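Each remark here refers to the structure printed beneath this line.
In order of appearance the chains are A, B and C, and numbering begins at 1 in each one.
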Amino acid sequence: MVMGVSKTKIDIQGLSVSYGPIQSLKNVSFKVNEFEILGVIGPASSGKTSLLRAFNRLSDENPLFRMEGKVLLDGVDIYKKMDVPTLRKKIGMVFALPTPLPLSIFDNIAYGPRLHGIHRHSELEAIVEKSLRSSFLWDEAKDRLKTPAMKLSGGQQQRLCIARTLAVEPEVILFDEPCSGLDPIATAHVEEAMGVLKEKYTLILVTNNTKQAARVSDRTAFFLMGELVEIDRTEKIFTVPSDQRTEDYISGRFG
Amino acid sequence: MIRLNPRLTQNVAFAFLFFSTLLIIVPVFCILFIVVRNGLPALNWEFVSAYPRLGMRAGGIFPAIVGTVYLVLGAFVFSLPVGILAAIYLSEYAKDHWLKRVVEVAIVNLAGVPSVVYGLFGLGLFVFFLKFGASIIAGSLTLGIMSLPVIITASREALGAVPRSFREVSLALGATKWQTIRRAVLPNALPGILTGTILALSRAAGETAPILFTVAAFYLPRLPKSIFDQCMALPYHLYVIATQVPNVKPSIQYGTALVLIFLVLAMNIVAIVIRARFRKRKLW
Amino acid sequence: MRKRPHEFFIETAIFLAGTVSIFFVILIFIFLLKEGLALFRTVSLWDFLAGKDWYPISQPPKFGALPLVLGSLWVTLGAIVVSVPVGVACAVYIGEVAPRWLRETLKASVEFLAAIPSIVLGFIGLVTLVPLVQNIFHLPTGLTALSGSLMLGFMAMPTIVSIMEDALSVVPKSYREGALALGATPWQTIWRVVIPAASSGVIAAVMLGIGRVIGETMAVMMITGNAARIPTTLLEPVRTMTATIAAEMGEAVQGSPHYQSLFAIGIVLFIFTFIINLTADFFLHREMADLKKPRKK
């Protein structure tokens, strides 16, 4: 792994997020490097999911959402200077439970490109194949592209969701506890895909499974009750963390 | 006071409940039976394809059937788009504040307006004020507005039944709100929307009061040629031959009623079939 | 990325369509007022509302709407007296007592009744119920308020049954289970626990039933006779507001006082049903809210 100067992909400055009376993030500041996998760990209600949704602005859909601070993507303020659909094309999201649309495998993946104006069938076919290959689903899916996506197994569906996100050519991919509904083999497939994806994309992985973060991520951030407690290289966080609370969470004293 | 045996009370009470139910159900079947038995003899090809003769006492009811079809189609063309868009507003766009509540109250009220008041409204607005005259367009618009509350309510339910995850996935891929509605939500709500619309229109097909002054003609020698013409209609025709024209054979009256019931029933069945097939094929 | 303006147009259309229901309610009211209020240039409001003589085509014409209002009220009252107990009982039977396999058939039958056009029911009432009433009570004619009440009560059943059914189904299962666990028989549970819990639903059902009946036109027109006199018993012909409008609009010249008087009746009808619907809606909402609150200790 190159340990030289990494370019900052996302710069979070003093981000606070609240939904009505509930404050889910308190003055959070850190940077996400390009082409890294950043693991985000912490107990329930620590603000991890709010963080992700603040990045692709899905939080906007909630009428109670309020934010302060800045989030910069490649130096551009995503709340003030960027149009939301464009942002969401650049920052994709894979959700906790697999969420195929009630369409065929092909149409699921082609859904995104079609939104953005690509209609020629040959182009779509190329995109579908490329995306399925990148999420390691091509071999299993190539003979059943026109069959309903909902008939795939859970692990396959989740890889389909990854492929679907890749099809719009994002720069960052957010994973919100993507393996929570999957068995160990399916989980391994997803983690394998993530390891390859980071060569071309920046990945942020929120997970309840600290061991997964230890396996997969380059750096890890620990959140507790809306605050960023510590962020550092993964080996350091999991062996000699700087903060006692991090140590307690990782060793299972609470969670 | 005598302590009544609870078991006995229950048996008596349940018997009362049962007979009350019969009191409703039995007449329904009796009515159906009467209409079918007395109307079936009149039903032949001539009846549904010929014009009335001898002042409605003989011949067929073809123009009334056609008129009703035109009116229903006209109502459909107006109310379906408006109804869907209004439902989309309520389901996808409206925030939870006073405007949404006022709209909902307005819908409840529109649903409760008596059909004859709709007739007055159609007369005042479409026939006279907008100068359409008694015409298919006046009648269709009146029936369409009357059907709106049901269509909006059913569509709103259908839209609400689409899982939230579909919307989130679409938005997360960079879709705008309208793109999401058009591609991820609406197609999955369409069967429910169609079911509700067809049911609403089946009611409109049987309505007499709204069309009394806005479109219905006593007798027309030819079929209407434009939407500004009057037309005949089945419910009005039944009214006429049951109360205004003396000495009409009962079989013709019952036959007309039967055709009307068939039409309404057919629409109901279509709606129910759409709903059932959709439920079966739904993967979520 | 193509975004606005094509999106702007469709979203504007959506917003306009969303508010269209408010627009139409107001529009209906305005048109009724426009034509109906004109009557009161020549006729006083008191004469209209309290006048006992409705002779619109006599010289000079008299527009006392009281017989019509009372006609509507009598018929409605009679219908409600008949339909509410039977309707509630039927809903209770279908929802709480009937075996599962029978339930759907019964529901379908009641819904089928709702689908029959009112003109057909009016016709059937005319040829079956009216002669029956005439014979049973030895009347000169069977076209009476009673016939109207019976028929309309029958027609209101689907409304009442379905509202009651919904109200009963919202009552939490725990209420029933709690009562049964204490040793109550199923009937006692229904009578003392479930129905009281659904009481808002009963009120809403009654209100909506009233609204349904008061607004019915064709069946009433064919069955109640058409005598615009204040009824003293239910066994006389009456004229309802709705039937008056439907029967006389054809003869009224546009813009004439007669024409205006029919719109004025329309205003009265509109206001009645507006209030009834608002009340019913209020009770329906209250029931939903009540049942969601945690139970008091």
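The rule is simple: contacts are C-beta pairs under 8 Å (C-beta built on N, C-alpha and C of every residue); 3 or more make two chains touch, one makes a residue touch a chain.
Here the structure is a predicted model, which is why all the values come from computation and not from measurement.
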item: Nearest-to-centre chain - CA centroid comparison; value: B
item: Chain separated most widely from subunit B, comparing mean CA positions; value: A
item: Distance from subunit B to subunit A - Cα centre to Cα centre, in angstrom; value: 49
item: Chain centre separation (subunit B, subunit C; CA means) in Å; value: 17
item: Rounded Å distance, subunit A centre to subunit C centre (Cα mean); value: 56
item: Shared-contact residues (touching 2 or more other chains) in subunit B; value: 176
item: Shared interface positions of subunit A, touching two or more other chains; value: 85-86, 116
item: Per-residue overlap in subunit C, given as positions that touch at least 2 other chains; value: 3
item: Touching residues on subunit C, where the partner in the complex is subunit B; value: 3, 7, 10-11, 13-22, 24-25, 27-28, 31-32, 34-35, 85-87, 89-90, 92-94, 97-98, 106, 109-110, 112-113, 115-124, 126-128, 154, 157, 161, 185-188, 191, 208, 211, 214-218, 222, 242, 245-246, 249-250, 254, 262-263, 266, 269-270, 273-274, 276-278, 281
item: Subunit B-facing residues of subunit A, complex; value: 56, 58, 61, 63, 85-89, 92-93, 95, 97, 99, 101-102, 111-112, 114-116, 148, 150-151, 161, 164-165, 168
item: Residue numbers on subunit B that touch subunit A, as the complex places them; value: 95-96, 165-166, 168-176, 179, 183-184, 188, 282-284
item: Residues of subunit B touching subunit C in the complex; value: 6-7, 9-10, 13-14, 16-18, 20-21, 23-25, 27-29, 31-32, 34-35, 81-82, 85-86, 88-90, 93-94, 99, 102-103, 105-121, 123-125, 128-129, 145, 148-149, 152, 176-178, 202-203, 205-209, 212-213, 235, 238-239, 242-243, 250, 253, 257, 260-261, 264-265, 268
